[in-house]
Amino acid sequence: MHVFADPTNFDAYLSSFFWILKLTGASAVLALVLGVLLAAMRVSPVPVLRGFGAAWVNTFRNTPLTLVIFFCFFGLYSTLGLSLADDLDLNNFWLGVIGLSAYTAAFVCEALRSGVNTVPAGQAEAARAIGLTFAQTLRIVVLPQATRSVVAPLGSILIALCKNATIVGTIGLMESSNVMKDLINSNGDAVIPIFLVFAGTFAAFLIPTGYFFGWLANRLAVKR
Amino acid sequence: MSANTVLYDHPGPRARVRNAVLTVIFGVALAGLLWWVYAKFDQAGQWEGALWQPFTEGATWTQFILPGLRQTLFAALTGMVLSLAFGIIFAVGRLSERRWISIPAGAVVEFFRAVPLLLMIFFIFYGVPFLIQAPVPAFWAVVAGLTLYNGSVLAEAFRAGIRSVPGGQAEAAYAVGLRKSQVMRLILIPQAARAMLPVIVSQLVVLLKDTALGYIVAFPELMQRGVNDLAANRGNIVAAAIVAAAIYIVINSLLSALASWLDQRSQRRGFRAQRRIATGANPAGGIAVVEPQG
Amino acid sequence: MRIKRVAAVAAVAALAITMTACGGDEGSGTSSSGAKGIVGKAESQKKLVIGVKADQPGLGLQTGSQYEGFDIEIGKIIAKGLGVDANNIEWKTTVSNNREPFIQQGTVDLVVATYTINDERKQKVNFAGPYFIAGQDLLVKSDSTIAGPEGLDGKTVCSASGSTPAKRIQTDYPKARLQQFDSYSKCLPLLENGQVDAVTTDDIILAGYAAQSQFAGKFKVVGKTFSTEPYGIGLKKDDKDGCEKVNEILKAAAADGTYKAAWDTSLGKSGKAAPELDTTKLTNCGSV
């Protein structure tokens, strides 16, 4: 434990997880919004919207996140000139958020679409029969019921997102995987305790989160 | 437009006009965006022949991309087999009535689901050699990391699947005199595996993508050979990454297509016959567990 | 019963892992003459495993199935001196982080991979050499006005994450903005389009990148080093005999011109004249 007794190392450890938390938080919000939009597109009556949603999902779901993040840096920032902050770290952070959100939104969209399927078809038919439009059917009848059944999968996606935040390290953000690598490089004799501290921190956050979503899903489940 | 959707009526004249307007607006905006991206890449010289010329040479493929792809597929296949085995063993372990089995099995699954794969692979490569006093080849570091993580996710999938088999099945099996292990092996696991097939295949797609994290231990897979090493030789990293992404997308789309084909086939056999609101989405059982790591 | 067969295959594969994990001891043999370490292995098995970099043009670059560069040439000289044919060398890709473990665990016999000799590393491994003295430097665009690390205030510098050069920039030149990547090859397109102002690592590595054909004429190495990086050849800590033998081979190579020839076929292609190998500076191989 002498490694973490050094205040510089301890600060690096703390700030690395602070980055992970911020990445997770910002991307979770953005991915949820984007995912709902994509899901609506994929079930909409307009073919070009459906096609766009499907293309988005198939592209991002099938590309390694490492490459997605890479393209955010070299495509969005370096080539398209999208600069999001003057500070280098902050700019990389937002590029990471964009990559994580775009990637995670594809999974959110698919989870929502599957959730829509748990709603019996009769519900949508009844909604149409009383004259609701597509948007109303979705917003008032289908999505509220679908949301309850996607709590568990969305929980899994959130947990995966938090772990995926480590991949933003490839564009130089000093998040936990980079800091762990650094600490291991300079403290070769303490590899195992260093790993246990980093892995343990993730576990301490994520295992309760998993149980929380399990509990919530049970509570909200639509009894049929 | 699919005729059997239940979310909206068959469009009348006004709806058709509205849809056409939306199509045009969105289509033009999208085309404009794509053109802008193309123009910007052009301006930055990313379409220059010199950057793409390596991909017309045989050596680029035979020396970099294909060997990398071979390692990616080999690691993914090994990882798939091992994580399926890991998943079944730990799912059964977690469902055991003996607490000295179920609690440790549960703890293992929960732990490995919570640790980022990047940290795991890095630790297996640099840390485990201190424990076993022998080097861990990069290949096995990647495969072991993939197995522990995806195996744990699959264990949860199997567990959910086993629990979704109607209780009467197990009761009937006990009634005809099968032992507990036989009930699990002959009755529950086959049905669970079938019900969870789409989830399992989706998770295997995730596993294949995750091999890309092997770059952290210099495992010579597609990312390492086809992007990093190729760019070190030819200085065309953006072009190389575009080609690598295309290869990943093609392979994973094939796997996903396999998943939906399997799903449709099992539906034809009368499994989960249920009307869907959104056509072609994963079945409800399929959404509970896929974790889109890396 | 497809599942059952899958499980059986998995069990066999698991067994295979255990066996590979235990079979990692192909290292130092003892020869008939009783020599141990790499000298013994070279004598008895007539082969060597050498760890090199795979992504550094001019030094250690994997071009398909082959490796090329100055480090590779040095490796060949040493193998020849130990009586091992160049065809019997197995090159193994190492990255900065795994050089010590690879030596300690016997994955490789020697490491020739831009491996700076320093006290921390000396506690784990033995060093022969140095065969080259490098120093941290900056790679900039040909028309850049940056003349040294002092000119970096407010400028963006690119380097490999967690590397010593990156750390030196952070501690000694905190006003520079540091962009880190997992490989240097990602820095170069950014330097080319002006998003970073400089790339920093050892001068000889930078020279290798600058000499690549697709960057020809676009970049220059500033030429004002601000650290000293003596490149050594790493071997097992207790292999003092091997280390002394490697130093003898280096001395001979400096004297008979093979050292210069090694330079000329690799980094020398960039037009830089071969350095003088100062054989008085060779390590004492850990003797007190």
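Lettered A, B and C in written order, each chain numbered from 1.
Following the convention adopted for this analysis, contacts are C-beta pairs under 8 Å (C-beta built on N, C-alpha and C of every residue); 3 or more make two chains touch, one makes a residue touch a chain.
What you are looking at is a predicted structure, and each value in this text was computed from that prediction instead of being measured.
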{"item": "Chain whose average C-alpha position is farthest from chain B's own", "value": "C"}
{"item": "Two chains sharing the most C-beta contacts", "value": "A-B"}
{"item": "Chain A and chain C: spacing of chain centres that average the CA atoms, whole Å", "value": "38"}
{"item": "Intercentroid distance (Cα basis), chain B paired with chain A, Å", "value": "16"}
{"item": "For chain B paired with chain C, centre-to-centre distance based on mean C-alpha positions, whole Å", "value": "36"}
{"item": "Touching two or more other chains - residue numbers and ranges from chain B", "value": "44, 126, 215-216, 237-238"}
{"item": "In chain A, residues with contacts to at least two other chains", "value": "74, 78-79, 169, 181, 184"}
{"item": "Residues of chain C touching at least two other chains", "value": "97, 101, 182, 186, 189, 193"}
{"item": "Residue numbers on chain B that touch chain A, as the complex places them", "value": "1, 5-9, 11, 15, 19, 22-23, 26-27, 30, 37, 40-41, 44, 46, 110-111, 113-120, 122-123, 126-127, 130-131, 205, 209-210, 212-213, 215-216, 223, 227, 237-238, 241, 244-245, 248-249, 251-253, 256, 274-278, 281-284, 286-294"}
{"item": "Parts of chain C lying in touch with chain A, wherever the complex brings them together", "value": "96-97, 100-101, 124, 156, 161-162, 177-182, 186, 189-190, 193, 195"}
{"item": "Chain A - residues contacting chain C, complex", "value": "74, 77-79, 88, 92, 169-172, 178, 181-182, 184-185, 188"}
{"item": "Chain B residues touching chain C - in the complex, by the definition given at the top", "value": "44, 50-51, 59, 62-64, 67, 78, 81-82, 84-86, 88-89, 125-126, 129, 132-137, 140, 143-144, 185, 189-190, 193, 215-218, 220, 228-229, 231-238"}
{"item": "Chain A residues touching chain B - in the complex, by the definition given at the top", "value": "42-43, 45-49, 52, 58-59, 61-67, 70-71, 74-75, 78-81, 103-104, 106-107, 110-111, 113-121, 124-125, 128, 133-134, 137-138, 142, 149-150, 152-153, 156-157, 159-161, 163-164, 166-167, 169, 176-177, 180-181, 184, 191-192, 195, 198-199, 202-203, 205-207, 210"}
